[in-house]
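You will see two complexes here that share chain A, one where it goes with chain B and one where it goes with chain C.
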Partner chain A sequence: MTSAVPPPVRSEVLLLFRSLLRTSREFADYNIREYTKRRTIDAFRQNRDLSDPSAVVAAFSDGKSQLEVARRQVIVHSLYAPKVKSVMEIKH
Partner chain B sequence: MASALKAAALRHIRVPVSPTLPLNGSRLNLCGTVRSMSSHGDDHLTKEEVIDRVIDVLKSFPKVDSTKVTPEVHFHKDLGLDSLDTVEIVMALEEEFKLEIPDKEADKIDSCSLAIEYIYNHPMAG
Partner chain C sequence: MASKHLTAALRRTSPFRSFSTAAATTAHPPPAAEPYDDGEGISMKGVKIAGRPLYLDMQATSPLDPRVHDAMLPYNLSRYGNPHSRTHLYGWESDAAVEAARAQVASLINASPKEIVFTSGATEANNISVKGVMNFYKDKKRHVITTQTEHKCVLDSCRHLQQQGFDVTYLPVGPDGLVDLDQLRSAVRSNTGLVSVMMVNNEIGVIQPMEEIGKICKEFNVPLHTDAAQALGKIPIDVEKMNVSLMSLSGHKIYGPKGVGALYMRRRPRIRVEPQMNGGGQERGIRSGTVPTPLVVGMGAACELAMREMEYDERRINKLQERLLNGIRARLDGVVVNGSTERRYVGNLNLSFAYVEGESLLMGLKEVAVSSGSACTSASLEPSYVLRALGVDEDMAHTSIRFGIGRFTTEAEIDRAIELTVNQVEKLREMSPLYEMVKEGIDIKSIQWTQH
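What follows is the complex of A and B.
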């Protein structure tokens, strides 16, 4: 018997979105930082109009696991941070 | 020389009370007591500065039509942005002003005027 997980409310989704963006800001590497930001924005925008509740739950849990991945990777990458800043980060 | 020392000591004592004295000489000693983000004595951003920078951030957002941006514009009603865009804009404002806006406050910001109000009233806006 499948237990129905209630689909996340709007505020939870926005909270996940914000947490992902905040976590992506902590990356030391410019490329990874920008990629994570782009990817979250694209993914959330793509899944914006899901109507099937099980699909919504699946996407939300996927997002949460990605958040955990990102948080771990921030720590790991900070151990081996690039010594030279990317050219895009040089302020003109 | 004694008078110079005395003047320096007086400056040290007075700095926490008066924000207009220069902090360059005493910054090392009083970093704990005086919280100031800027080194030129001006403690806080002016409203015009805040408005200008917020408008710039809004205009540089790709989805925003820069001709429609005014200080009173509403993200959803006037600019046609959805809640994801609003979160993005609030994050961009956080980066611009070096702030950490808590989620509860960030949810309430859904127009340009609210953003300007919040940032202007925030003591740590940089």
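What follows is the complex of A and C.
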């Protein structure tokens, strides 16, 4: 029997969205930082109109696990961040 | 919980140099090995740049996706068992991870997990395919068909076979880089043991008509091998539709780790190979040696990610490629795209700039990490054999630049690349007397150069 997990409320979804964006800002690498931000926005935009509650629950839990992955990787990347930044981050 | 402590510790102390083992072993790093100036940019091989270049060389290798790295880390830290150890938890959990990764790789190409053999990369997979198949069937089959634009490892394996006494036909390609199907059909003999055609070319990005080639091979009952290192995860691959018997896959081209790859070997009808790595019989005897769990897990994670993200990435990269090409063409003339424009992978753009010298163009593009037509094939200054097979003139082959766009490339990077390339080409053309003559309307090819 499918578990009766209630679909997330709007505030939970918004909190997840903001947490993902906040975490993405902390990435030391320019490319990964931009990608995480862009992918988060596009994924949430794409899933905005999901109606099937099990699909909503699945997407939300996927988002939460991605947040955990992002948090861990931010730490790992910052431990080994190169001293010199990408040319894209240096004022042209 | 642990992460909160770690981030707090990070904020307290500044650079973790005292914890890095590399810094601990070398108190004063030798001057040759330490290229970085502190915070003032990088100076290496006589070139000084303000920051790390923007990366547009995705065909050479790709950065590790953080989600892939996250999947790999536990197997580098606590789950370090050998997957072939049958007697304890370390071996069991490692083996479970390898089998899960095998299923992930197989589902990306519509194959069964039992048909996937992990290797050290696509080069090893190519070697096993070409040399292994021909050596296994050497009594009856003495002929191999391949193309002139294959990767060096396939061409070199074929040359090795020629030295052993086999016949090899190197099919020419058209100026668009595509194989002529009629020529392929007429080249097949009764003793042809293998046809090897790469799916997506690494230099020019051209996609070969694999389904049609597969039909021809099925008609003549010849095994088809394809090097899909550049194609995996980027274009949809279906081994059933393409009738492929052997396929080489690479990990580090799809945002996975370097040092791992896979070989797909069809089971129905079964294709057999002579193993190139002998030993304890791992990987069903095809490739002996301990399977590197962290790398294999990384490749599996990369394949699963690629399956989910393929459509999104392709749409984005297509837009970026159009932006790059239109941006350059809007400000420069004499720009030629090498290879077919219709049948190409969107993330590979190989351009030649007329009336410009290749080495000086690359020297001025130090803030963009790109590859040129000649560099990736050999250490010499010989123009690339792929471009030569296309029939590109030598001077145009020398000025070819390969832009590789990937999942992590941003629009701002494309715009900066356009600006840097256009500026450098304009600067060089301004200095070039040849270009002056062209602008005045003189046809360069009709000039009689005086001999001294």
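What to note about this one:
The rule is simple: the second predicted complex is superposed on the first by the 91 of 92 C-alpha atoms of A that agree within 3 Å, B and C clash if a C-alpha of one lies under 4 Å from a C-alpha of the other, contacts with A are read in each partner's own complex, and residues count from 1 in each chain.
Rule of thumb we're sticking to: contacts are C-beta pairs under 8 Å (C-beta built on N, C-alpha and C of every residue); 3 or more make two chains touch, one makes a residue touch a chain.
None of the values given here were measured: they were computed from a predicted structure.
After superposition onto chain A, partners chain B and chain C are found to sit side by side with no clash.
After overlaying the two complexes on the shared chain, residue contacts for A:Lys83 are found with chain C alone; chain B is out of touch.
Among chain B and chain C, the chain that touches a larger number of residues in chain A is C.
Legend: residue contacts after superposition of the two complexes on their common chain; A:Ala4 is shown touching neither chain B nor chain C. Angle at chain A between chain B and chain C, computed from CA centres in the superposed arrangement: 120 degrees, to the nearest 10. In the superposed model, A:Val69 lies in contact with chain C only, and not with chain B. In the superposition on chain A, contact is made by A:Arg48 with chain B only, not with chain C. After the two structures are overlaid on chain A, the closest C-alpha atoms of chain B and chain C sit 13 Å apart.
Overlap of the chain B and chain C interfaces on chain A comprises no residues. Put simply, chain C touches chain A in their complex at residues 3, 6-7, 10, 15-16, 36, 38-39, 41-42, 49-55, 63, 66-67, 69-70, 73, 312, 367, 407-410, 412-413, 416. Contact residues on chain A toward chain B in their complex (touch as defined above): 10-11, 14-15, 17-18, 21-22, 25, 41, 44-45, 48. Interface residues of chain A, counted against chain C in their complex, comprise 27, 31-32, 34-36, 39, 42, 66, 69-73, 75-79, 82-90, 92.
Taken together, the chain B residues at the contact with chain A in this complex read 82-84, 87-88, 91, 95, 103, 106-107.
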